[in-house]
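In this document, chain identifiers A, B, C and D correspond to the written order of the chains, with residue numbering beginning at 1 in each.
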Amino acid sequence: MADPMKIRAVVRNGVADVRVLMAHEMETGQRKDSSGKLVPAWYISEVTGALNGKQVLKAYWGPAISKNPYLQFKVKGAKAGDKITVSWVDNKGEKRTDEATAS
Amino acid sequence: MSVIRRGAVAIGAALALLVAAAPTLSQAQSNTQAELEKYRQMLGDGNPAELLVMRGEGLWKTKRGPKQASLEGCDLGKGPGVVPGTYAELPRYFADTDSVMDAEARIVHCIVTLQGIPRADAVRNPYSGAGQRQTDMEALVAFVVEESRGVTINVPQKHPKEIAAAQRGEKIFYFRGGPYDFSCASCHGEDDKRIRLQDLPNLNKDEPARRAFATWPAYRVSQGAMRTMQWRIYDCFRQQRFPELDYISPASIDLITFLGVRAQGGKMDSPAIKR
Amino acid sequence: MTLKSFVAAAALVAVMVPAAQAQTSQADVLTIMKSSFKERGIAKLDRLDQNELQKQCSEYSTRPMPAPMKAALEKAALDDVKYPADGRFLGDWKVGERIAQSGVGLQFSDNEKTVNGGNCYACHQISKEEISYGNIGPTLYQYGKLRGNTVEIQRYTWARIWNAHAFNACNIMPRYGAAGILSEEQIRHVMALLLDPASPVNR
Amino acid sequence: MNRNRRTSLQVAGSAGLYGALLAIGLLRPGQASAQSLEQAFKTAGIAETLKALGAAGAPESKDIVINAPDIAENGAVVPVGIRSGLANTQMMALLVEKNPSALAGAYDILDGAEADVNMRIKMGQTSDVFAVVKADGKFYVAKKEIKVTLGGCGG
């Protein structure tokens, strides 16, 4: 199973600044392993961000996003105590959802 | 004394450079430095090593090995079970092994003695390779060092073996060998030097020596992995064109002891994030 | 002597004795080194066996080397320089640029088939186009333009690349010719990068 | 591969239906843009990728800010942010001209999010990067050069 994300959400003037770290290899599909074989592409293809269950952001990624991806986005109309949920799914169908409380 | 002399030489060299460089080139160089600073600052916003710290904490508390024990009873120098602040005072002398050990050597010791995992297994693949998940060892080190963030570096020099280790470490620091004739000091003995665009800390000077020790282990974006202090030394020697340094070998611990003593008074700020 | 002044004097002595000259011997260190490294691929353990130059330069890292010793090392280095038999000093600067850019070779992660690079940009500014250069060595931008392309300059530059200790014993630069890092032909190309008027270094 | 994108595609229906829904205003343009993205992730170069995004010929806009350093110390991780000051920004995307596939990432900005995202991307070499923004149904672009440098003494 995928390792948990680290989500931080800090509210200032009604806007939540959300910073997310995800553990993922993000293989490009162009790297060769030590035996010279091409390592197949493996990357997070979609990420969604939600405030109290309502989707606010949807990201579509390719393998050009760096390993162990970092995503920062801003959510309007947020206050301390709100729930920020982030989910990702990769091109193999593996997925992960984590939640943080805005402070 | 030698530090002062080297400092003077470095200042002279820096002045000579300033005079020699054409204005357009030095201006371009300062723009380069400013943009690199921006790059490094933007990276600082989110360090993937935090993910490894979480994994390491979980691993530390997990019962593993033939003895089905966790590492929570590990004595890292402040007594069994105490993790906070320990990294800042390692390497140090441990009476139970009658030797000076760095953080990684001590963690291996605990894995062997508390969990009953054979030493050969514990040290077999300490560093993750390209495209591999970070090793358990790397995760454990990430957790341990995080617990010393902000703590003042105070590598002890009380026991005769601690003093001897630092003295040997200094000799190793200046040991020139291999087809390139390099020693550690070849790259880390003067102020304001770079390889390509990477700043090289002058480990003869207090401030850069503190900063360097304080920011290892670090997440290396070029490798997509957090690397430990043992790895830092290992890979320096690789680029020095030396043979392969053994994990937690005596020379590595001596050198880390020397660097730790040089860094006295700095504040741990690790895991850091670097190119 | 009062206890207080004794302690102060002892402290003073402690400060004045360079740590490098403490009881640890070079032999102890070599034993520790040999027990801590293992050979891997092309990097054998004999790389830890220091030659005279390496030994003396290590020994005098933290204190000034006696002048006669320094002069002797420099003379030995200069005598050691092998100039091209056919008198041809300059090759192709374009190949030289590639050699200057490449940092591979001689690491335990390389192999016999790896063509060694010169790693020049790691320490020197060379062409203006490459912004990622180090500053351990002096800038070489406009090297030929500033010095000319005479036979004397060619011989001097060749010797400097072959064994830089000929001019400043215990400096940091690898002995590219003497230690067999670059071939004679490769050195010709690097020479061209520095001296050929058509090289971007001199344009 | 791209199972999830296919799922989105199915939700949106066929391309024809998607277009029809757009036309009659049942779907907000920019949302569920997966169908054009599927193709856009496969194209090289800016012109082709803009075309795949339906943004061919989009004009430059000063209201789009690309926040990135001029020089990256390593191409494996290049921090890049896009911020749009254009009213009703619906979608933002980042393209790297010289990467094998230009499109690095695209973001649907739904109700409740600001048009301001930061990501980290891989760049194989020095290149122009383009931010593409869809606002009020129209596309705009901005560009910036990022230099990728070599490092170390073992490579």
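Keep in mind that, in the parts below, contacts are C-beta pairs under 8 Å (C-beta built on N, C-alpha and C of every residue); 3 or more make two chains touch, one makes a residue touch a chain.
Just so it is clear, the model here is predicted, and its values are computed rather than measured.
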More contacts between chains, A-B or C-D: A-B
Chain A and chain C: spacing of chain centres that average the CA atoms, whole Å: 47
Between chain B and chain A, distance of the C-alpha-averaged centres to the nearest whole Å: 30
Chain centre separation in whole Å, for chain D relative to chain A (CA means): 16
Residue list for chain C, restricted to those that touch at least two other chains: 107, 109, 121-122, 131-132, 134
Shared interface positions of chain A, touching two or more other chains: 66-67, 70, 72
Residues of chain D whose C-beta touches two or more other chains: 71, 76-79, 118, 149-154
Touch relationships between chains, expressed as pairs: A-B, A-D, B-C, B-D, C-D
Interface residues, chain B side, partner chain C - complex: 1-2, 17, 20-21, 25, 28, 32, 164, 166-168, 170-172, 174-183, 185-187, 189-190, 192-197, 200, 237-239, 241-246, 249-252, 254
Touch list for chain D against partner chain B, complex: 68-74, 76-79, 118, 149-154
List of chain B residues in touch with chain A within their complex: 45-48, 50-51, 54-55, 129-131, 221, 224
Chain C partner contacts - residues on chain D that touch it in the complex: 71, 147, 149-155
Contacting residues of chain D [partner chain A, same complex]: 1-5, 8, 33-34, 37, 41, 76-79, 81, 96, 99-101, 103-114, 116-123
